[in-house]
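In what follows, subunit A forms one complex with subunit B and a second complex with subunit C.
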Partner chain A sequence: MAVTDSLVLSHGASGSLVGRVAALANCSRIATVGGAILALIAATSLILPHLSPYDAFAPAPTEVFQPPSAAHWFGTDINGMDVFTRVFYGARYSFLVAIPTVLLAMLLGAPAGLYAGYRGGLVDEVLMRLTDTLRIFPGIILALAIVAALGPSLLNIILTLGILDAAIFARLVRAETIALRKGGIVESAIAAGNPAWRVMWVHVFPNVQQGLIAQTSVRAAWAVRVSATLAFFGIGVQPPTPEWGLMIRQGGEYMLSGQWWAGLFPGLALLLMVLGLNFLGDGLQDILDPRRRSREG
Partner chain B sequence: MPAVTFTRFLARRLTTALIAVAAVLVATFLLVRLTPDPVAVLAGPEATPAQIQAMRQQLGLDRSVAQQFLIYAERALAGDFGRSWISGRPVLTEIAERAPFTVELLIWGIALGTVVGVAIGLQAAYRRDGWFDQVTRVLSLAGFSIPTYFLGLLMLLVFFYLLQWAPPGMGRLSPLYSAPPFVTGSYVFDGLLAGKLNVAWSAAAQLVLPVCCIAIICAAPTIKQVRALALDALESDYIRYGRAQGMPAGMLRRMVLRNCLAPIVTFVGLELVSLMGTTAIIEYVFSWGGLGHYGLSAIIAGDFNAVQGYVLTLACFCVAIFLAVDLIVLAIEPRSR
Partner chain C sequence: MSAAPALDVSALRVHFRGADGRRIHAVNEVDLTVAPGEAVGLVGESGSGKSTIARAVLRLIEPTAGRIAVLGQDVAKLDARALQALRARMQIVFQDPWSSLNPRMTVGTLVAEPLRLLGAANRADRQARVVRLLARMGLSAGVVDRYPAQLSGGQLQRIGIARALVTEPALLVLDEPTSSLDLSVRAGILTLLAELRCEMGLAMLFITHDLGTLRLIADRIMVLYLGQVMETAPTERLFAAPAHPYTQALLSATLSADPMIRRRRDGLAGEIPSPVDLPPGCPFAGRCPLAVAACETARPALAPIGGDSHRAACIRAAEVQRRLPNHARCLSGEKRR
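Then we have the complex of A and B:
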């Protein structure tokens, strides 16, 4: 933590949250851009669907595949629904999947990695072999196969993605824990008579938090991308939900016969959201990963 | 590396690989057990209870779970995944037919993506923080962020619909031609071998867009990784010494590349695994008819014999890649000997 503190202080910020955010924004332009994109998407998805004269769920059979115009800025889709309203509404589903997925992954992965890294032995061996197996297989195919077998519901999607992602957090925390175990902190904590759980949570965990936080945004980007992919293949959220992957699928079928708008706009929105998360993640890694920072100069 | 150490290294890697394949074997078995009731889906809504019971027996679903697993494992290890529930043909035959199509796509995509990615990554490192570096950083993140199927659709929209440079993404050959006789499985080479230039040309034209999609998605993370590796090398003492000695720039760059080579190979190997997923999606979008298209269609349709066959084939392929990467790194990295 000392590293961030000195970093934040060196930019002249107070201990307040706003001050810290401002100081972080100062450190990385790319993170600021990413954060701004995400804030914009979150705000518009909450406000714009209410301002729009159209309903994101109401079909209008007389308005099918209207090209973009003053009345329908992004045109209408095969059901005559307003693509603009649906695109902005759709961001809610992405947040709805991404946030619980990453929380679940951290909740499962961090303690597992901490324990395995600190104790070693059989638990460590089993954990590593399990995560090795996940590494040798394309995650997207695994996610598709599991959700298809479990049945497409929001809960199943979050559970599947969260558990798959937990492996990544576990490996990360384990590696840092092992590195810390060799350092003085752990040794002196043990010498001072702390029980093992206390060494892990009070002395080791705060020191691996930074690495953990640096990963959250990138993992959220993965969750958004994969959940949209699930919907694209018809094994995620079901129609007529205004989910981006689903909209790209429905629109994509007509994209090459002239009605390009119904698939293009949700695709661009999805790209923008994942890009925002990856920008933020890239910047966070620059700021929080000391090894990388030294290289960035 | 002495022979004994090498044998031990190889043995350890093979054990890890075997454990991984075993885990996938269990996972694919459990996958089917996860479904509420595959038979009900398979038999359709109009099946009578007697028909469902008969189907259960036929598929062996009336035995205990342990028995089912043993039977499954024994068959799967012999390459027998049963018949596709949809086409009724043996899954292994269908996979073997389609694999060459995927390999063709993958090889071109990876080769192009890696070469472009390494070249751009090195340039970005040499011109660190310059405009080239900044632009490629954003582009690399964009390539890393774009959903695969959307990239495919976008390429088709631009290069087929708008510019009309590329043929429609409808498989591996224009419907005007018939497939050349099977030799390698690649229509381009088979067309050339059969002396049908127009067939080879049409097959090559069909390849361009999907290969570019895979290359873009392969290059994006490679750029970032190579840039970081090259920056590490550039800041090392031996390069600084070389510079101080007035070593020419070209020679310095060769040294940087030489020192990054082993980690790059390792990275591309890891990338290859996730690119198998990418390729499957690209195949689906371009109706390629390869292994990935087959696997995804099976997953979507709930054709579990085919899903098991596909997932296991993929796992074996990925394990083989990892072993190959280890051996290549061993060969090109003097420090590991």
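Then we have the complex of A and C:
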């Protein structure tokens, strides 16, 4: 909603939701492609597992490692479970990790960055050194260590990734806030008699949220990647959950012995989803950041 | 006994800590008074500290030393609540309306905001007042629902003025309100400000780098250089008999409307010096065409010259004044150098 709002603002256009979506599609082809990929993944993950005759969780010892056929389009895995059903079912886990992770990261990071950027001083110093510390570690390794220590559950993964990612959002919002503080909006707001909280939330925040929105998709891609990596190393969700990272791991072991399908299809699905999110994020940045706009929309 | 002055600044000093840790002397020992209803002009080049004074007056930045009293209240001593109440009585119009008006608020919201924060009127009353004020600014009621990006610079500055005046302040600080506008709309804004001043009995502190603008609107002018007052005089007196070489240089740089007049120009050589390492003597000595050795040693005091209302900080003020200002003696036949 906020995306379309800002679009209406920056283009002076208005109208129905359809019109707004059309305007968005017009702005960036890459965002449209990314959005279409994600919509397709979301829709199929909701619908296809129900249409499939197979259960995503039920082992079938007689059907182990069937190659792709008319009965099993993507073949079966080591437990005889239908890879097609599991791949589409697995997208749910990716969304289930990505969306709450990004929301949590924004919820923690945005106020911290806003406060640090606006107030400066000690709060700012402490926060920035903290995010520096998080940044010098590769995020994946830190996430591996923390989730391993906390125990592998979906909640722990979301909490860990969300907190780690909050640093990114905090830095982003802080930088934009500092840039705005030097501009006239903040002075004008203070002179008008706004108390500090109103200056931050009514005057500064609405003007930094564009950058925030543009980042969400890219950060969601990161969350999907890292949660798959965690599962791959056996620290994420546990089998027989149809999680892509887990399926890649299980299937990958048999890649060389000829059963390539069990690992390949979840791998392609993961690739497609991360690609879709990155496309969308890239496009959003083009749309929302006028400095990056290559052509007039 | 008369009412407290709208603005009374004494010995104001604002220093910043530069990126390299050195002290930047933005404003040094400035005294400034604006009587109720009076319009005082503050003129100087960029870097002279004029905008810093404006921000200190409104407590947008903290002064290093000195006292600022608005309507008799010491701005630095007020708690948050009292300061917020005072903000309704002192307002500012910024130089750049594009960057000072929140692009995500409608004009109606922007103009009504100070009233709303004051909690003075209900929503309907506020809207009515906003529409009335915008009409007075020469804007149609239709702009209320527009966003700043949909309006022109002249319209935006009128909205900036409306936002500043909606709480009916007693003191209005104008920080170069016309310098970011096209020449064609400047006159309209200045006329509007002059009218509003009479109607509302506003005291004004008008900050600009253009002396010509001040001639139209100011009762009294202060000339600022490197954060120090060089000369202060009633407007007509300053134009007729400037007593500081810097004022004379500024006057010679203002354009005349008469194309036949060709005047000698004391173009100032070089840039305004760095406010980091202030020279011990007169800050203008390095660029002054009339500087003597004594100028380098001691900072001249702001001394009266021909009456108490006219003061200049120059040890040779009397001579300078006799050396007839260029614009007063310029002859139509004089050749340009």
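Here, the second predicted complex is superposed on the first by the 277 of 297 C-alpha atoms of A that agree within 3 Å, B and C clash if a C-alpha of one lies under 4 Å from a C-alpha of the other, contacts with A are read in each partner's own complex, and residues count from 1 in each chain.
Simple rule for what comes next: a residue touches a chain if its C-beta (ideal position, glycine included) is under 8 Å from a C-beta of that chain, and two chains touch if they have at least 3 such contacts.
All values reported here derive from a predicted model rather than from experimental measurement.
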| item | value |
| --- | --- |
| Clash or fit (per the criteria above) of subunit B with subunit C on subunit A | fit |
| Which superposed partner A:Ala60 touches (first subunit B, second subunit C, both, neither) | neither |
| Which of subunit B and subunit C A:Leu46 touches, first, second, both or neither | neither |
| Contact breadth on subunit A, by residue count: subunit C or subunit B | B |
| Which of subunit B and subunit C A:Leu154 touches, first, second, both or neither | neither |
| Subunit B versus subunit C as contact partner of A:Val21, first or second or both or neither | neither |
| Touching partner for A:His203 - first (subunit B), second (subunit C), both, neither | second |
| Touching partner for A:Ile178 - first (subunit B), second (subunit C), both, neither | neither |
| Smallest separation of CA atoms, subunit C relative to subunit B, angstrom | 9 |
| Residue ranges of subunit A in contact with subunit C within the complex | 9, 12, 183-185, 187-195, 198, 203, 206-207 |
| Footprint of subunit A on subunit B - complex, ascending | 16, 19-20, 23-24, 27, 31-32, 34-36, 137, 141-142, 144-150, 153-154, 156-157, 160-161, 168, 228, 231-232, 235, 270, 273-278, 280-281, 284, 295-296, 299-300, 302, 304, 307, 311, 314-315, 318-319, 322 |
| Touch list for subunit C against partner subunit A, complex | 55, 58, 60, 80, 84, 87-88, 91-92, 94, 96, 99-104, 113-114, 117-118, 147, 149-150, 163, 167 |
| Complex contacts: residues of subunit A adjacent to subunit B | 30, 129-130, 132-133, 135-141, 144-146, 148-151, 221, 225, 228-229, 232-235, 245, 248, 252, 255-256, 258, 260, 263-264, 267, 270-271, 274-275, 277-279, 282, 292, 295 |
